[in-house]
Structures are given as C-alpha cells and as structure tokens.
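Next come two complexes built around chain A: one with chain B, the other with chain C.
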Partner chain A sequence: MIEFRDVSFVHQNGVRALDGVSLRVEAGEFVALVGENGAGKTTLVKHVTGLLKPVSGSVLVDGVDTREASTAQLSRKVGVAFQNPDHQLFSETVEEEMSFALRNFGFPPELVRDRVSWGLELFGLGEYRRSSPLILSGGEKKRLTLACILAWDPQVVMLDEPTVGQDAIQKEKLAGTIQMLKSAGKTVVVVSHDIEFLWPIQPRVVVMKGGRVVGDGPATAIMQDRDLLGSARVAQPQLVEFYQELHRRPGTPFVHPLDAARWAEEAMRP
Partner chain B sequence: MMWLSGGFIFRRGDSFYHRLDPRAKLLNSVLMFVTTLLARSIFEMVLVIVFMVGLSAAATVLKRVARTMAFTALFSGFIFVVNVLFTRDLETSVLYAIRFIAIVVSTSIFFITTSPDELEQVMKMFRLPRDVVFAFVTAVRFIPVMMLDTIQIMDAQKSRGLELEKGNLIRRVRNMIPILIPLVVNSVVRSGELAEAMEARAYGAVPRPTSLLVYRARRADVGVVCAAVVLFAIAAYSFYFVVPVRFP
Partner chain C sequence: MADILKVEGLSFRYPDSPKNAVSDFELSIPEGEIVVLAGPSGCGKSTLLRTVNGLIPHMYGGEYSGDVLVAGSSVKRSSMRDLAQTVGFLFQNPENQIFMFSVERDVAFGLENLGVPREEMRARVDEALRLLRIGDLAQRAPHELSDGQKQRVALAGVLAMRPKLVILDEPTSLLDPKTASELVALVARLRKELGTTFVVVEHRLDLLVGVADRLVVMDGGRKVLEGTPRDVLFRDEAEAHGVAVPAVTKVQKLLAGRDAGRAAAGRLLTPSGLASAVEGRQA
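Our next item is the complex of A and B:
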C-alpha cells in the first residue's frame, strides 16, 4: 500500500530530515511511528500525501509514485490528521468544517450530509453541529479533525499525535476507533510519543532516529528492546518494564509481557 | 513570502557588518536610501546599486540581497510599465524602476543584518514608547513563525483536497479563505497568550525597566559612520554639482 524506497529528504535550511528510509506498509496494517522530536516522523507522513517530495528515492502509494500525483489526488486515498487542529479549522460551523473535504472531492450532497452526521455521532460532536469549530476545546478540535478525515473514507488513515490534549476516556474511544478502522481493513499509521496508548493496541512499531529507521517489528518485540528505545529517546511502557523487572527473578510466572499485562489487570480488579 | 523572508528577516551572521553597532547600520541605510532619491540619472543610480552590492558582499549577504533584487524586479517592472504609459519618457521610467530596487535593497541590508534585539535598542534610542517598540519588534520576530504557520495550514488544507493552484483568479482568491482564517485566528490567539505570558513575567511593572544590552560605539563603528557620511557628501555633491552622465 505504502512503500518508501531509499528515500532521503533535505529541508531548505539544509537539515537532512530523512536519510535513506526504506519501509513497506501493507494494506490493512496498523503501524506506529515512534522516535524523538526531529526524528523525521512527520516528514515521513508528509511524503505519503505528496506534500513533500523526496530528494532521492521514491514513495509509492497504492502503486502510484507521489511525484506523479497531486496532493489532492493522493489525499483521496490517504487521510492525514495533523498534530495541530488549529491549522485547519476555519468554517463557520462544525458541520461545514466536516463537509469541506467532501465537497472538494465532489461527493454528492446527500452523501455529504450522511457522512457528516456519521462522523459527528462517532466522535460525540453532534451537539456542536451548528457551533463554530473555533470555540471547541482542544480535545474536541482534535476529534473534529479526525472526524473530518474519516468522513471521506480514505484507504489509509494517518494520525499525527492523536492523543495530545485527550483525556483518558477519549483515548480509550480513540483506541476503539483505531480497532474499528483495522477491522474495516484500513491501513492506519499513527505518529505518537504516547507509548502507554500504543501498547494495548499492539501495532507494528517503527522506531526512527535522525531521519533513519532504526527499529521495526511487532510491539511486543520492539517495546522490550530497552537499548533501542533508549537510543531513540522513547520510554518503555510501564507494563513492559514491570514484566522485565519480574522476569529477572527466578520462578516468574509470565512468559510474555502481555501475560503480565493481563495479570496486572486481574490483580487490580476489585 | 519568499521575498519577505529573503529580504527582510534577520539571520545570524558573523561578518564585520553584522557586528557593527545597529545605530551605525541604520545611519548607513538611511544615507543609502537618501542617496537613491538624490540620484538623477541611470548612471548615478547604477553607481549607488553597485555600492550596495559591494556592501552586501562584504556583509556576506549578497546571495540574499540578489534574491531580493530579483523578486523586487517584478514590482519594478510594473512601475516601469506604468511610467512609460503615463510619462512616455523611457529614461525616467528606467530610473524610477531601478530606484525602487535600490530603495528596497537599502532597507533590506539593514533588516537582514540587524537582529530584533538590536532593532529594539535602536527604536528605544529614538525614545519611542516602550509598548510601541515592543509591538513592532514582536511583529518582526513573529514573521518567521507566521510563515511556518502558513506552510503548515496550507499542508493541512491541501491534505483535505484543497487545490490552491487550480481555477481562475476569483476561485484562487476564494481558495485562500481556508488558509487566511486559521492564520488570523492563530495569530490573535497567540498574541493574547503572549500578552498574558508577558504580564505574568511583570511586563509593565516599572516605567523604565533595565536593559540586558547596552551599546557603546567602538572605533570600527565610528570609522564606518565617518566613511558613510563622507561618501554620502561626495555622492550628493557630485549628483548635484557635476553634470549628470546620461546614456545616449
């Protein structure tokens, strides 16, 4: 679905943001991009929608080279919810904000209405339908941007720091939405520093550092690699630390970090 | 945007000109500006521009100044056409067009070699009210931030299918609405937050706050000021008392 072939990118100020990145994300996969600030995660995301074009190498989305397609064409397949919702909200009402992309893509009016209603209900924003998006709280704005993306049903959903400003309940709902997207066969890519959010949903984890991919594998394997995560300034999930601490002791009952998670959940249940 | 970024935004440098006292740099730019107004022929104007180019090279900002000149040439082309249409005088039209480039370059050299902090000190020297100085300097300091915001807003809207380069002029202007509204709203919100943060750090608590930087003119500054005044006097004298050289 998405393929990076030895991609390098240098910003105008001379900073090399991507350095020979090769990565393949299959259709229906759930991938988390983690790494320190400035590791190149957002730059990688911008390459998928063609907002940035590689200096060398190539990026393919559904077989299409991003150099040969406009951002609008690629966006029909790839929906990106950027980190700062204030960078995209401008309409008079929440409803209009949600319909903006749908109208740009030429959806018929009935479908626009249906998709807007569906998105608002899914993210609990129905009551703000006729309110200005600018008066929403930070968390609500974030949910609205997500609803805006899902409204046009892209094949790939990319979320840049989706948990910023979200309370625990909203994070759980977000995790549920990601599961729903996975079940619907969507490719989901999440850029996040929120390791505790990622751990329970068990994505494939791609670790980035200095514009390079330094680690790639299932969450259970990557999250146990303390050295790898430490070098990329990523914290381990608390449950994995707990498991590793117990595992050093003889006679530990757990053979897998997920067992430790289940044990901890059961132990804490009243 | 590129014109603004290249021509008027300070970037740290280490040339002798960057290190000069900002008051000396301001005087230089003012004198260059006045000289462009005094020049009465294309030859004189070309001489002024050659001097500015030399100064830019010495200040290691020639590349940026050249880019500014190239962008400004678009506007000066417009000035040339309008002048030719209304005055029917080719030489005067060329003179005005080049003068516009020279005026922009004279101010550009000052802004790209003078940091907002130095700018603040220069404005204080003229005893401008502190609030006015602060507002101006903050506006200058926030230009790069707003440019970054604009890029990010454009990226976000393009990712929602907005095609900025498509359609006729009216459509293109309308397409700017999703860019301009978030930009203005963000700026207003940011200015409110900045005001609160400043007040939280005792802004306005005393009428005359102390200063971190105190400028004292060094020999190099005095030398440059003297050289600038002498050159200006020579230019002004020769432009007015020597017969202007005109192209045939």
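Our next item is the complex of A and C:
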C-alpha cells in the first residue's frame, strides 16, 4: 500500500531529513513511527501525501509513484492530521471546515450533511457546529482535523502526534477510533512520542533516528529493546519497564495494568 | 512561605459564550512549588492560565469576577509589562512565541524589551541556551528548527527573564520522551536552585508526578480535585475527570486495595520501585 524505496530527502538548508529509507506498509496495517525530535518522522509522512518528493529513491502509494500523482489524487487516498491543527483549519465555522473537503471531492450535499454530523458526533464536537474553529481548545482542534479527514473516508489515515492536548478520556476514544479504522481495513500510521498511548494498542513499531529506520517490529519486541529505544531517545512503556525489572518474569510483558496487577497479586501471595 | 499565586473566587465568561469558562475558582500556591494542572480538554485550564499572565482581562473582553493575585498584586491592576517580569509563560504551540531571525535574538527578545543592559543580557541568554542544551542552535533561524527544538527555544526565552512564576502549557507534548524527561528534570532543578514556582498544564502525568508537589484537577471550569499526586491519582474519580493515571500507578492502586502493605506506601512508585515492592526487595 505504501512503499518507500531507498528514499532520501534533503531540505533546502542542506539538512538531510531522510537518508535511504526503505519501508513497506501493507494495506490494513497499523504502524507507529517513533523516534527523537528531528528524526524524520514528519518528513516521511509528508512524502506519503506528496507534499514532499524524494530527492532520490521513490515513494509508491497504492502502486502509484508520488511523483506521477497529483496532490488531489493522493489526498483522496491519504488523509493526514498534522501535528499543528492551526495549519489545517481555515473556515468560518466548524461545520464549514468539515464540509469543505467533502464538497471538493464531489460528495452530494445530503451525504456531506450526514458525514459532517457523524464526525462531529464521534469526536464530541457537536456543540461547536456553528462556532469558529479558532475558539476551540488545542485538543478540540486536533479532534476536528481528525474528524475532517475521516469524513472523506481515505484508505490511509496518518496521524501526526494525535494525542497532544488530549485528556485520558479522549485518548481512550482515539484508541477506539484506531481500532475501528483497523477493523474497517484502513491503513493507519501514527507518529507519536506518547509511548503510553501506543503500548496498549500494540502497533507495528518503526523506530527512526537521523533520517533512517533503525528498528522495525511488533510492539512487544521493539519495546523490550532498551538499547535500541535509548539510542533513539524513546522511553519504554511503564508496564514493560516494570515487567523487565521483575526477577521472576512471567513470559510476555503486561499490556494492561489489570494483567500486571493480577500477576503481581499472585507473586505477593505468601 | 508567601503565596506566589492566589486565585480568589474567580469566574470568567468569554464574550458571546453561553457559559463560564472558569467558575468560582480558588487556588493558593506557595512560592517554590511545582503544581500540575490537569483536566479534560476544554475544561478551562488555558483560560485560567490567561487570567494569571494577564491576557485576561487585559486583552480579552468578557465577564470577569473575583481576583487573581500574583506575588501579592492583583493582575487586574497590574500592567502587562509588570506581569511579564514576574510571570513567564510557555504557550502550547511554540510558534506563537518565536519569530525573530535567529534563536539568540529570540531568546533575548523579552530582555531587550525591558531594556536589560547588554552584558547582563548576553549572560542571561547564554545561561538559558546552556540550560536547554541549544547553544549550538544560537545562530540558526527558528523556522528551520523541529517543533521540539522550537519548544526549547521558546522556553529559553521565558527563563532568560528569570520570572518568579513560570507557567508551562503542555510543555512536553511535542518532545520525544527522553527530551521530555530532561525538561521535567530541568524544571525540578530550576525550582531547587532558583526557587522558581512552576504551574504545569500537562496530560502526560507519568513524567511529572515524581517531581510535583501538588496536582489540581479542573473539570467544567471548576476545581474538582486537589492534593498530592498520590492522593489525587488514587481517587476513583480521577479517571472520570479525564486524568491520565500512569499505568504503573494503576497497578500500584490495584495492589494497594488487596495488600495495604508495601505497595500502598505513601509515595508513588516508579516501575522499578513497584517491581521491588512486589518482590519484597528494598525499593
């Protein structure tokens, strides 16, 4: 579905943001990109949408080279919620914001109305329907950009730091939304520093450092690799750290606090 | 110790808004504390912060009642200029506060505005750059930096003013985990060395609970919980108010219910501390 073939990218100021990245994400996969600030994660996302084109190598989305596809073609397939929602919001009302792309993609008016209501409801934004997006809190703006994207139902959903500004309840809903997208067969790519958010939803984890992919594998394997994570300035999930600190290891790391507590209770029994 | 921040019966409603953003709010923060302010998005945290740095009521219209005292002076009656020397504010989005052509100039901006002498300014800027480990970025243009680097530049600009009270609005949200824990360690060190008071709005509590003296939870514009991080996070209501109880604290709490012994000890345990407690080793 998404394929990076030995992709390099150099910014105008000479900074090499991607350095020979090869990566294949299959349709329906759920991938988390982690790594230190400046590792190239956002640059990678911008290559999938065609906002940036590789200096060398190629990026294929659904078999099409991004150099040969228009931004409009790509954006119908790939929806991205960027880190900073202020770069994405421009309409007078929340409702208008959500309708904009849908109308551009040629959805009929009644479908636009339905999709807008569905998105506002799903993300708890119904009360702001006729408000300006500018009055929303940081977390609410993030949810609005996400609602806008899901409304046009792209095959690939990319979320750049989606948990920033979200409280625990919203994060849980977001995790639920990701599960929903997964079960609908969508390809989901999440860029996040929020390891505690990622751990329970168990993505395939791709670790980036200095423009390269330095680790790639299931969450359980990657999150136990202290050396790899340390070199990429990524923290371990608390439950993995707890599990690794135990002298009598129970087998696989705990994914949920309840599992950890149940196990610990057994261990503490005299 | 004197209260650096005192909020007295504060209510505020934005123009054209049907409801108060902040209601009947009371808070006293003694000098030198690290206080974490948490709560669901849209709960009024950002509004409360604006009443402390003076943006409300000086730059916003709306209905304001009650009072906010910073270092004993009413924000309503203080000029923005005076407040800028007492209260430092790091916005959620660093792009809102960095705009000069070089990092160095940006960090010096607030000091220049106050007319701080050149040499002192140099020293303070260098110190701030060193504290945030961004000395190598001094000559770079802020717009070329990553978001995490921008965050550090903005914070350096705040610290260069040597404020008594620093408000950080989700300071770690754009930082990688290691950089985020370094920032938290930096906050703890500045509090210790300079006696600076910090109010931190943050959802990622796992990083902060180890250094915070107090956790205040807001919901619907009101204060709903207040206490030590351990007391608040062990309360059953905490999660209902959108507080992100760290995973290891959830485990500690679940164990405390059954075994009131080691795991229920008065302080919050780290993952390795909890592992030791479970195995009966010395933490």
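To be clear about the criterion, the second predicted complex is superposed on the first by the 246 of 270 C-alpha atoms of A that agree within 3 Å, B and C clash if a C-alpha of one lies under 4 Å from a C-alpha of the other, contacts with A are read in each partner's own complex, and residues count from 1 in each chain.
Everything that follows uses one rule, which is that a contact is a pair of C-beta atoms (placed from the backbone, for glycine too) under 8 Å apart; a residue touches a chain by one contact, two chains touch by 3 or more.
Small disclaimer: the values here were computed from a predicted structure and weren't measured.
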| item | value |
| --- | --- |
| Fit-or-clash call for chain B and chain C when the two complexes are aligned on chain A | clash |
| First, second, both or neither for A:122, with chain B first and chain C second | neither |
| Touching partner for A:198 - first (chain B), second (chain C), both, neither | neither |
| Partner chain in contact with A:207 - chain B first, chain C second, else both or neither | neither |
| Chain B versus chain C as contact partner of A:104, first or second or both or neither | first |
| Dominant contact partner of chain A by residue count, chain C or chain B | C |
| Partner chain(s) touched by A:49 [first = chain B, second = chain C, both, neither] | first |
| Chain B versus chain C as contact partner of A:71, first or second or both or neither | first |
| First, second, both or neither for A:86, with chain B first and chain C second | both |
| Segment of chain B that clashes with chain C, given the candidates 19-27, 91-99, 127-135 or 199-207 | 199-207 |
| On chain A, the residue positions that both chain B and chain C contact, one per complex | 84, 86 |
| Contacting residues of chain B [partner chain A, same complex] | 149, 152-153, 155-163, 177-178, 181-182, 185-186, 189 |
| Partner chain B, residues of chain A touching it in the complex | 46, 49, 51, 70-72, 75-76, 78-80, 82, 84, 86-90, 100-101, 104-105, 134, 148, 152 |
| Chain A partner contacts - residues on chain C that touch it in the complex | 14, 38-43, 46, 92-93, 95, 144, 146-149, 170, 173-181, 203-204, 206, 239, 242-248, 250-251, 254-255, 258-259, 263, 271-272, 274-276, 278-280 |
| Residues of chain A that touch chain C when the two form their complex | 11, 13, 15, 35-39, 83-84, 86, 135-140, 161, 163-171, 193-196, 199, 230, 233-235, 237-239, 241-242, 245-248, 257-258, 260-261, 264-265, 267-268 |
